[in-house]
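In the two assemblies presented below, chain A is common to both, partnered first by chain B and then by chain C.
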Partner chain A sequence: MRLFYLFKKEILEVFRQKEMVAVLFIAPLLQTILLGYVVRTDIQNIPVEIVNLSSSPDAFRLVNRITHSPLFQVTGLHRRPLDYQEIFKKGQAKAVIVFRDEEMTTAPGRLKGASGLAGGKEGPASGNGESGAATLRPASLLPRPSVQILMDGADANSAMIATGYFYGVIKRYLEDLLADQGQQLPLQPQTLIRFNPSLNSIHYMGPGIVALLLTITTMFLTAIALVREKEQQTLDTLLISRLTPVEIFLGKTLPMALIGLVEMTLGIVVVLLLFRIHLRGSLGLLFIAALVFLFSILSVGFLISLISQTQQQALFFSWFTMVLFLMLSGLLTPVENIPSVFQWLVEINPLRYLVKIIREIFLKGNGLAYFWKDLVVMGVVGFVSFFLSLLNFRRSVVR
Partner chain B sequence: MKRLKAVIIKEFKHILRDPRSLAVVFIMPLVQIFIFGHVLSFDLKKIETIIIDYDETSLSRELSQRLAASQYYELYFSPEENAAARKDPDRAEQLLRSGKIKQFIIIPAGFARSLNHSPPATLGVTIDGSDSNIANRIYQYNERILREFSLEKSHLPNPIQVNIKMFFNPEISSPYFIIPGLVAVLMVMISALLTSLSIAREKEAGSIHLLFISPLSPAEIILGKTIPYLLVALLDGTIIFLFARFWFGVPFRGSLTILFLFSLIYLICGLSLGILISTVAATQKVAMMVALLATLLPSLFLSGFIFPLESLSPILRSFSYIVPATYFLRIIRGVTLKGAVLSHFLFEGSVLLAMSLFLLSVASLKFQSMRRSGQ
Partner chain C sequence: MAEFLLEVTNLSKAFDEIQAVKGVSFKIRPRTLTILAGPDGSGKSTILKLILGLLAKDTGEIKLAGRPLGRDYRPLRSITAYMPEHFSLYPDLTVEENLNFFADLQGLPRKRREELKKQLLAQTGMLAFRRRRAANLSGGMKQKLALSAALLSSPKLLLLDEPTTGVDPLSRIEFFNIIQELKQAGTTIVAATPYLDEAETGDEVIFLHQGEVILQEPIQKLKEEFPVHLYRLRPRDDVFAAYQRLSAVKLHGDEIYIRGNSLLLLRPGEERFSPPEGFLETTRVSPRLEDIYIYYERKHDAHRRN
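Coming up: the complex of A and B.
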């Protein structure tokens, strides 16, 4: 009963300002929609610059394919060598694809002279296009183009994606070339992509973003819950009441858990409807996972609230924790290869487990048998923070 | 000017009175850079793979070895376990489902015969697509290794030679491009969070009325509250940057003056955003929440830090233009890694400057109207 009054007081306090409704529900929903569209976008239109110093028809045809591919956005097509550094410094393109004739690049380290030579040599061929170049030599002696991909290492991620796409273009070209001669590559792998055949990241990023927003809002609100009372000197009232520390913990976290569940439901509904994601697994399990997750991050939030003295400290502590959880969640970058010294950080990260469970429930339709261990670990993280809070309760509150 | 100085001094005392918060502000970003610099990487290596060989010929073994020798793959099974797995193909499926492996490759019986006498030979590859980025990369790695193997065995000429060269970052070291980006993202968050409380705190404590009745103009109050934090943020930024430079050895090829100048503008922009939020929000709680929501996810998702902005539709892309990190990310990557000069960033710099002025003026106007209405 006492617990109920505290619960009611907390709910009232959260919603005393009308802005809180906007901040807790509307802003996260809008962000879910906006960021959902961002992650749904296929990565394409990567700006590349093409320099064709080759006179071979292969190079011409490849340039042609790149120009017509939606994956690339060709920002410039040149027939002579450029100052590649300058292109990257201006941020004009993420990669420059340079075609040369092979015999001219065989001597490594003399690229500059060789490309200058090529630039002068193919002068008459330009303009005539493929046929012009092809008639220069007998068919069997056609120059073999060599391709050099220069990437802007400052945005290596985009550059690597562009390179991957470029390999795809080459592969298809090769196959077409062989097909023209009635041949094919002797090894044809049959690739089956399971669980997400369209390879669209919205299927796990969408629910993932909801989880992130859930973390930001509820964990933070819990983190300032006690500090606020400290700062406003109302904590003493709470302490001389007959509420036990456990009751205070529950009274402070349960309202947030309730808000979090409502928030998550709204978010999941929006994601499912707007982005037409199929939920393969059970909705009930998703909620169980969300509850365990909320318990663990709210306990962490409560612990932050205990160790901070001002709202500002609570703000920075929870910001720190959130960014750590987020970056190590596996949502943005792979966490598989993390050096073992830091691996424990991933292993105690509740968000990482939630992201994993979301993937399993949404995409693989897995049952509890596959992720009960993850639930247990999340629960343990929650309990450990909870007990640390209780241990610290008297010491950090009564000063 | 004198009055402005008074506000600045008062605000400074506020900051120094709470040394613990100050320490937190300085230490946390350092810890974050330290951890993320070591941990974050877009590289994908040691993808757990199972190869089930039903053919068991020298050719199929050669292919298995080729795949296993690649730095990208790591075989999940020992050879003995692999032999057992052949009798139980469901096991691989279970492991894929549980996420223990990312792909399994089945070499069917008769593979070598088919490759030598009646090509094409087939190969069954099953990839876990639940993380589409990872799946995409695995697919590409497979294609590359298998194509090379295929061309080698067929004696078909490879008509095109490809080689890759990475500018500014020749070892393709993830920290080199992640850390400058991270500095950009962290700096805007810290600066916005720093000021987000400054005015809301006075509102909550009621001391805002003292400011109302003082002869200070709104602009003086807003500026006076921003400038002290600018020093804190600058110091913070410098420490983070020095750490990135000397601990991680992020190359620095441009001019320090230019980086400093643009960082200054960028920090002012972040602080102005915080101060506007603080002016509008009724309580510290609301202010902090808005500051977190406004900076955390947009700076990560809409700045080009992770997702290339070029792919976005024009409408979505327009949202990236209101995220300050978008501009500074280009600047800091350009100056540190590429040695870019001032003329490359006139546009980015002016936008950041215009944004700061806009945010500061709106904050002053809002403050003015608050004062007039007395609340």
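Coming up: the complex of A and C.
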């Protein structure tokens, strides 16, 4: 019963502060909506400058395809060479596409270098986001265009993805050309994309953001919960009451868990209704995974609260821990990209497992058989943090 | 019934290089009001926290009704209520919610809780403010609320740490009236305070100085057996100038201090005292605890210097 009274007091304290209620329930809802739309890994509307020096109909058709693609935003179409370095420095465009007519004798598929002047005299490749040039078709009597793709490589990831898009457009055009002639490529890969066939990044990010929100609120609130009692000197009063350390732990963390679950429910509603992401798996399993995660993250938060002497310290430690958890969670970048030296940090990061499980349940409809090991690891991280908290409890509060 | 409810022997505590409490020993009789008196930094709060196990002691033993506590503070905590130095309730909860919370933690049945709450609120004059948030109470009301919360457990031992710091004079008087009532009802009270006028209300006093006990005696006995005479001198001119003049005389160097617009002078009782010139009035007065503290503190310092 004492646990219930502490629980009730915590809830009362949280809801007594109107600003806190707004921060707890309205801000995360807005964040889910905003982050869902803003944090996207797919790239659209790539600003492109096109320099068409070719008289070939193929070049005109390709320019037309690029102009009408939702992937690109053509910011300029030129018939004269351009200083592409200046364009990249000013940030006018991420790519410059140059079409020009090849020499009739040019061998098929030969790559040409690029000069500083897009569409200018050919020269050796000079770095800085340049790519090569490729001829479009075998030698014939018609003017044969070549296309040169010049990329701003400052944002390497975007540049690589955009280059892939350009190659895709060109490949599709070539396939159409061959099809008109009743021919086809000797090898035609068949790609089947499951779970997110439209490759819409919101399907990938949306559920992950729910996991992130669950982490932010619960960890921060728990981290300051006990240290606030220390600052208010109410901890002394609690300690000499009959409350045990376990009761204090539960009384402080269970209200945050409840708040976290309510927030998660709101986040899921946004994901389902606004982002229109279909939940393929079990909602019950999603909440079970969330409960195991909450045990883990709240234990970490409580440990932070124990080692901190002021709310300022607790917020700093929480922020540091949360950024680490986020960066190593696979939410923004694949965990496979993280160097092997740091992989152990990924292995003990509970957020990584929740992000994975939520995505699996939402997109793949996976059941417990697929992620029970992840639940176990999250649980172990929780138990270790919980026991460290208990071991440190007396040392932290009785100096 | 044991002669002493609480016995503290050779209690010490250091914070890094600072020795906050140095081998402190004292005994608390049941149903008395004992004052732990001393200036800031004399170790009052630390001693109370050490007694409750809120700080880990370096050395020493604490006995409750003759039984050593060892590392298990539960028997002591089960009969004790503690009121920390600063307001230590929840500012976002109302007066009533705070009291309910602490009553619930004590496991009080609802009926008993309501009775006790009503009684304590009436006793402390807080009944009209029961729906007010604790954050919006005045300093005196906050302390009365904290006292009420402490008393919900009907403790046998009440430890008060500077209960009237930041409280207006009228509330201080009211507060100590309540303390007296509690003592009459059989509660043993230990109150730490830097205000020696408050200490006058106690039965016994423990003088602390730089983490050491310099004296523990019943207050009445201390006054009756004060070994020196105390004179109040009212100077003709500025009291500070008179102090400078008198303290320049080596004889009076350690024996004189200012209170209000007078000088107080401690003189050995057996010596004849000739009042110095330049004073309107020289009167022998009864010592207050403040004077007694100053005498023993200076004696203690002189003893240490020698």
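A few remarks follow.
Everything below uses one rule, namely that the second predicted complex is superposed on the first by the 334 of 399 C-alpha atoms of A that agree within 3 Å, B and C clash if a C-alpha of one lies under 4 Å from a C-alpha of the other, contacts with A are read in each partner's own complex, and residues count from 1 in each chain.
The working rule: a contact is a pair of C-beta atoms (placed from the backbone, for glycine too) under 8 Å apart; a residue touches a chain by one contact, two chains touch by 3 or more.
Just so we're clear, the structure is a prediction, and the values are computed from it rather than from any experiment.
Superimposing the complexes on chain A yields a three-chain arrangement in which chain B and chain C fit side by side.
Looking at the shared chain after the overlay, A:Thr237 reaches chain C, while chain B stays out of its contact range. By the document's definition of touching, of the two partners only chain B reaches A:Ile338; chain C does not. By the touch criterion defined above, A:Gln17 reaches both chain B and chain C.
Contacts of A:Phe7 after superposition: neither chain B nor chain C is touched.
For chain A, the partner with contacts to more residues, out of chain B and chain C, is B.
By the touch criterion stated above, A:Met327 is placed in contact with chain B alone, chain C being left untouched.
Fitting both structures onto chain A leaves chain B and chain C with a minimum C-alpha separation of 10 Å. Judged by the document's definition of touching, chain A residues 17 lie at the interface with chain B and also at the interface with chain C. On the chain C side of its complex with chain A, the touching residues are 15, 49, 52-56, 77-78, 80, 82, 84-93, 97, 101-102, 104-107, 133, 149.
The residues of chain A lying in touch with chain B in their complex are 17, 19-20, 23-24, 27-28, 31, 34-35, 37-39, 41-47, 58, 62, 73, 84-85, 88-91, 94, 102, 144-161, 163-164, 166-168, 170-171, 173-174, 177-178, 183-197, 199-201, 203-204, 209, 212-213, 216-217, 220-221, 224, 228, 309-313, 315-317, 319-320, 322-324, 326-328, 330, 332-339, 341-342, 345, 356, 359-360, 363-364, 366, 370. Chain A makes touch with chain C in their complex at residues 1-2, 5-6, 8-9, 12-13, 16-17, 232-234, 236-243, 397-399.
Every residue of chain B that touches chain A in the complex is listed here, in rising order: 18, 20-21, 24-25, 28, 31-32, 35-36, 38-47, 96-99, 115, 119-137, 139-140, 142-144, 146-147, 149-151, 153-154, 156, 159-170, 172, 174, 176-177, 180, 186, 189, 193, 196-197, 281-286, 288-290, 292-293, 296-298, 300-302, 304, 306-308, 310-313, 316, 319, 330, 333-334, 336-341, 344.
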